[in-house]
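Provided herewith is a single structure, encoded as structure tokens, for subsequent inquiry.
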Amino acid sequence: MLEWIGLLPAFPLAGFLALVLTRGNLPRRIAGVIGVGSIGLSFLLAILISIEFLGSGLESHTQLLWTWMSVGSFTPGFSFYLDGLTVVMLLIISGIGFLIHLYSTGFMADDPGFARFFSYMNLFVASMLVLVLADNLVLLYLGWEGVGLCSYLLIGFWYDNPANGYAARKAFVVTRVGDTSMAIGLFLLFQQLGTLNIQEIMTLAPQQWSEGSGVVVAASALLLGGAVGKSAQLPLQTWLPDAMAGPTPISALIHAATMVTAGVYLIARTHVLFELAPSVQLLVAFVGLATLLMAGFTALTQRDIKRILAYSTVSQIGYMFLALGVGAWSAAIFHLMTHAFFKALLFLASGTVILSLHHEHDIFRMGGMRKKLPVAFWSFVIGSAALTALPFTSGFYSKDAILLAALEQPQYGTLLWLGGVLGAFLTAIYSFRLVFVAFFGEDHTQDAPAHHSHDHAHDDHHHGPVREITGFVMAAPLVILAVLSLVGGFIHVPVDSVFGVHEEHHASTLVHGFMIAVPIVGVLISYLLYSGAPQGRGLQQWLKSVRESAGGGALMRFFFSGWGMDKLYDFLFVRPFIALAQLNRRDLVDQFYGLLVELARIGNRAIVLTQTGYLRWYAISLIGGLVLVIGIGVWA
Amino acid sequence: MTGEQLLLLLPLIIVTATAVITMLGVAIKRNHAVSCLLTATGLFLALLSLIIVAQYPAQEVTPLLLVDSFNEFFTALILLAALAITLFSYPYLCNLEDHQDEFYLLIAIATLGALVMVGSTHFITAFLGMETLSVCLYGMVAYPLHRESTAQYPMEASIKYLVLSAVSSGFVLFGVALLYAQTGTLHFSDISVGITQGIANGPGAEYFIVASLLVITGFAFKLSLVPFHLWTPDVYEGAPLPATAFLATIGKIAMAALLMRFMSISGVLDSAAITHVLAVMAVLSIIGGNLLALLQSNLKRLLSYSSIAHMGYLVIALITIDSAMGGANESLGSEAVSFYLTAYVIMSLGAFGVMMVVSDSGHERDHIGHYQGLFWRDPWLALVFTAMLLSLAGIPLTIGFIGKFYVFAAGVQGAEWGLLAAMVIGSGIGLFYYLRIVYRMITPLDHDDPLPVAGIRDVIPHGILLLLLAALIIPGVVPGALMTLLQSVVQAL
Amino acid sequence: MPSIPYEHGLILAAILFVCGLIGVLTRRNIVFILMSLEIMLNACGLAFVVGSARWGHADGQIMFLMILTLAAAEVAVGLGLIIQMYRRFHTVDISVLSEMKG
Amino acid sequence: MIVVWLILILFVGGALAWASEALDSRLPRLTALIAMVFSLIFVVMLCLDNFPDQLSPGGQWLVLEKWSWIARFGIFLQVGVDGLSLLMLVLTVFLGLMAIGAAWHEITERPGFFYFNLLWTLAGVVGVFTALDLFLFFFFWEVMLIPMYLIIAIWGHENRAYAAMKFFVFTQVSGLILLIAIMCLAYFHFVQFGRFSFDYFELQNVVLEGRFQMLVMLGFFIGFATKLPAFPLHSWLPDAHSQAPTAGSVLLAGVLLKTGAYGLIRFAVPLFPEAAADFAPVAMTIAVIGILYCAKLAFAQTDIKRLIAYTSVSHMGFVLLGVYAWNIYGLQGALMTMLAHGLTSSALFMLAGGLQHRFHTRDMGKMSGLWAQLPMMSAMALFFSIAALGMPGLGNFIGEFLSLLGAFQANHAAAIVAALGLIFASVYSLWVIQRVFHGPYHTPNHSTDCGSEPARDDPHNHPTDLSRAELLCYSAMALGLVWMGMYPQTFLAMAEPTMSYLLASLGEVLP
């Protein structure tokens, strides 16, 4: 069975080709079947392969399909590598991918570009599978850019609104910056080690470089740059919130479950390099910490349901980076898996909410949806519970593992741990803020639209009473994901063979108690603040006064704009580039050659004057010429 | 003067005979066709006689004339050019009511002068040849045409040419006189001895340099190199087309051949001063000639300027002629000059030929506008004209390119980097005005300006054009044969 | 009479030559220009005669005869042209001859 | 004899096409097509029967023939085909077919003369790729200029005179400089070995001392860099492309630019090893400036063909980078970029030509949101723009990655700065897609201000989507790119012996 591993990306690729070559005039049902079926097949195959692989107790399995290039000593092959880590990623991608495809057949039912949507989605899953299965960094780079491309195509799916196009381009260019730094990292690795095969790098690196040597620091920093770009971490995170312009299923699949975790996978896969460069590993930890705090605060002030979830994704990936930074590789992957479950659940649920409320995104214009949208409500509750790591939910086990590992970090353990706990507290507040504001309190769906920021020009006529649009196709994935979010904590992630077994963390019960209490207190505060319950009157007054006060208002706006990063980048890079481009529209070099031509023309006009037509002048020139000639002859 | 030597002079004798017979023909009964036919057959017979002359080894016929392979080659070239011009001028002069025959007389005698120049190694014959050619050219340039609007142009051009040519002959004569006064011989030989050390008790080297420069100035005037080029555009524009063609081709060949002969025998090039002067003149001619032609819209003036530039390229090759006979490592210089001359003659004849075919004495089509849309009106003529222009610009597939390549080779051999740079810049500028004409021929014409319909009398000129086109393309693609011929020709130098 | 050194002869010829040149440059009347041309050519003839006197062989003198005949030919053609010019322009001033330029 | 046959077919085909115009105006394009199909068969035959056994060690030259031409200068008609030139021949013939496809509907007046020029340009290019005698190389180098000039000057767009003249003078003057350099080499062969020779192999053992070798090498470099085009000498390309007819642009971008790069690989570096070694950093800086500067310029353009022209200059910067890295990766990278860029830029030009054919303007400002009206064309445009920005899995990525890999070995700084070019490439490629194909539907003669659904039934401006001929061309090119991206080994193996021969002959003089 293992030798069929090549088929995993082949099925979605076949789906993509089928949908593209029929140029979108397949009937909707068949297009849906092809789209979902291909992912289903690869999910099934993934399960069979995982069972056989785990059962066989093999360390790893490499399957060469064909030699891609062979130039001198650079011979990357189109070959797939299977080990524990890959199995986990395979199952997440194909599993959740399948559920989301199922969901989107319902969500995109009335969209004209139905076939086009599924072709892009299939291409995305194929690229992601190639990324995960690649056994050398060049093939990984192929998958890496492939997913970047698909995210561009899908964010800008509703192309007739230029804003979507802008968001898509922004996403692609920002991730491209990260990809370029990763490419440079690849060149450096090849130049130093002579190969780009991941396993060879992992064995050669420790032999050739001592710990903390310049080259390994540079290489791992460059790879970190790539990871930061793709996983929307601090320097390059401005693109993810704007990526919400795409249809909601893709936000679930790409911007929550799979693509954004590619950075985490890359660092986990090349963990030997990072172990050799402790300074860079620490940098990873602090990048994670800073991002999770920044995102947490920003999420507090957001109004759009999808942007809240987007910032929460950035924050949760910050946790994964924190785990990687402190060396808790398996904890990071474990959190990656659980996060995929509950974040996909939250996004799909928000999709149902948006569809039912006719593309309403602003949570303050919802309220009281508990009764009207039961499925969405319960999904949100379970999802938010897992997100805030309430006890016995999957989030609890994975986040605690990370925080405990962070505590044991030799130098900055306590600082990292405190930041993590503060983050958990913020997470609790903003996730349950969303739940209380959207589903509890009075119904605000009818009042006049303060400002409509919905993204596509579909019919947004005002409507009668709200009723939930969830057929079986949309409800089933929600239920499965809800179950997984609750039960996910008990799945043991089979990555010990990859990262080596780590001993259990043992911390004082006080620490354990504190970590359990923090989310619960957060939920309570959020309840008091946002559910309009009478007991929270005092707190609500305090919040209103802070919001009105000058300083507080400014702080709110600062958080709302994602700590002003967008404006900063716009000012630093975008505007100067456009100015530079406009500055020299007509190529400077071209004017230089124009100058030469002008010179020749002036020369012509000057010398033509000598042709006066007067005989006397010609005679003078004759004699003058003779004098000149003799002068040169005798003296020069 | 043994019988054999008389045989060697056969071409000269035949050409003189044609002149006399044509004169007698005109005296008996004035008939345009007959006199043209007589001249053409005369020239053709002279050409055939060359085959006889070629058998004999090179020898001096009286110290004045030297008949060797060099002389024979250029005689052939001149006779061919003269023949072509005679045949071209027949349809051109047809609509001139009276005195059409005298033109052929002038052509015959002028050719005679050119032949004498080419064969001379003695100043008397050189001077005699130059003057005969010049005087006949005065006549041809002043040939009265019936274009009311520009009737006085030929006369103006001829007077200008006469005065200036006389002044330049004065320079040559005075230079020769000074040389004669010191060396005692009018033969070209061993002026270099004087230049390098000066005669033991006589004046120093400067005297000889000045004398030689006087002579070279005269020659430079005839070749229209830059300081002495001002007459060229006016005379080319004023003169009727056949006269301009004659002046541009045979006038230049004879002078260049004479200069080459003078340079290699007299060893003038040994002195750095003279080579310096020639180099300066070459660079000025290339840059000046090309710049002058840049925005010129009268084709005759444009071709005159381009001839200045081409003479500049020629002088570059001339400079690298190694004074020693055939030189130790057989310099490419003289080969390059003769090849470039041949190429230049073919190109100019072709270009002027097309203009002659299209115009006649009543209405000359010499403005660039007349040739607009020629590609679509008369593809054959346009093809020939484009081939000639591209060859003048030095584009491959043509003899012009091989000529330029030869000059490059000579330049590189003589390590004349400055001159080669000037040549590249000159060619660059040159592309502009040649291509301007080609582009003008491509742009379609809105109003129709009908070309003279090609009657039976135009068959010959079109035939010659075909020959010229063949002479342009074949050596351009397979230059081997012509190169070996020229190699043997130059050995005699 | 004692022989005059040949250099003086050459200098005389040179002076004559320069006079001819100046004549060509300054004169406006075409006929006078032709006359100055004649002077120049005769100056060269003189130089040749002086040369042949110095070397004592006849080349120079033959050259002088040659120069005389050719100068005569040129002037003849020149005068023919001048007559045509007068018939058309009714003047012999050379500034009339300047239509062609540029 | 195959090469001579190939050139003959093209020459004769051109003449026949011109002659056949008298019979029927549709005949010339047919004769041209037949001639091209024949030459394609020839080239493919050359590939197949030579390719399998050609891998024998040392057997680098598939075809090598020599006839005497001008004995006086030791010039021979020496033609040779090896892996590198064979690939170039395939590209030339393939793009020749594409050019005919592009001109199928577009060229209506005087088609005979057009196809005459088209085929003669191709013949010149085939000559350039196979000539092994420097004089013959220069001969074909100039021969391919005249027909190209005529194509731009006669069938070009509004100010074609300026563009054609600029193109011709640029390449001609740089050609003259190249000629002087060739002459110097030949003359020094004469000084050192007693006789003139222009033979590629004999000239390799001419020894020139330091400074003079650099000068002669510069002559070669300027000659090829103008054609490449490299940074300071590139300003003729945008004009030539925006004014040339589509078929002309396809030929210009697809094939003529490659002659410059081929010249660098075959002549400029192997003949002057030491000079190339010292000159390498300068050349790489020029390449990097070319990549970034032209990417910036591309972003600022509104005329779609000028934009694509600037992107071509930027891509050819990678070729220059790869060549002067002078290791196996750089060379193979340069080769792959040449092949992939040939296809990508030709396709983009055909698309731009198609848009101009439909909307009679090249200004991107006047058209947007075409996806709704022209789905197939927009999909193709998207595919080729993505290929242009170097998406892995397509040909350009392989070329750029290998070039940068090679460049990184030779000179870290240049490679890193050039890698920035990848970012700029994505900026301007996606900008084109956004500007022309996304956003509200709007065309020059039909603008919906409210950006609502375009009037489907609006007859007078309903632009027709891709015709079958166009679709065939585009999908052929798309397949080519995917083949190059997914399995480049076929091309790399074919070129490998040449590259290793070139590297060996230099003895790794370069870093």
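The letters A, B, C and D name the chains in turn, as written, and every chain counts its residues from 1.
Quick note on the criterion: a residue touches a chain if its C-beta (ideal position, glycine included) is under 8 Å from a C-beta of that chain, and two chains touch if they have at least 3 such contacts.
Fair warning: this is a prediction, and the values are worked out from it, not measured in the lab.
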*Please identify each chain that touches chain C as well as chain D.*
A, B
*asked:* Going by the touch criterion at the top, tell me which pair is linked by more C-beta contacts: A-B or A-D.
replied: A-D
_From the mean C-alpha coordinate of chain A to that of chain B, what's the distance rounded to whole Å?_
79
_Distance between the centres, which are taken as Cα means, of chain D and chain A, whole angstrom_ = 38
*For chain A and chain C, let me know how many angstrom lie between their CA-based centres, rounded off.*
98
_Nearest whole angstrom, what separates the Cα centre of chain B from the Cα centre of chain C?_
26
*What are the residue numbers in chain C that touch two or more other chains?*
21, 24, 94, 97-102
*Taking each residue of chain B in turn, which ones touch at least two of the other chains?*
159-160, 163, 167, 233-234, 432
*When you check every pair of chains, which ones turn out to touch?*
A-B, A-C, A-D, B-C, B-D
_For the complex, give me every residue of chain D touching chain A._
166, 231-232, 234-235, 238, 296-297, 299-301, 327-329, 332, 369, 371-372, 375-376, 379, 386, 391-393, 397-398, 401-402, 404-405, 408-409, 415-416, 419-420, 422-423, 426-427, 430-431, 434, 437-441, 451, 486-489, 492-493, 496
*asked:* Under the definition above, what is the set of chain B residues touching chain C in their complex?
replied: 123-124, 127-128, 131, 134-135, 138-139, 142, 144, 150-153, 155-160, 162-163, 166-167, 169-170, 173-174, 176-178, 180-181, 184-186, 233-234, 237-238, 301
*Which part of chain B faces chain A closely enough to touch in the complex?*
159-160, 163-164, 167-168, 171, 206, 209-210, 213-214, 216-217, 220-221, 227-228, 230-231, 233-234, 273-274, 276-277, 280-281, 288, 291-292, 294-295, 429, 432
*Going by the contact rule at the top, pick out the chain A residues touching chain C in the complex.*
608, 611-616, 619-620, 623
*chain B-facing residues of chain C, complex*: 6, 10, 13-14, 17, 20-21, 24, 30, 33, 37, 40-41, 43-44, 47-48, 50-52, 54-55, 57, 59-60, 62-63, 66-67, 70, 73-74, 77-78, 81-82, 84-85, 88-89, 94, 97-102
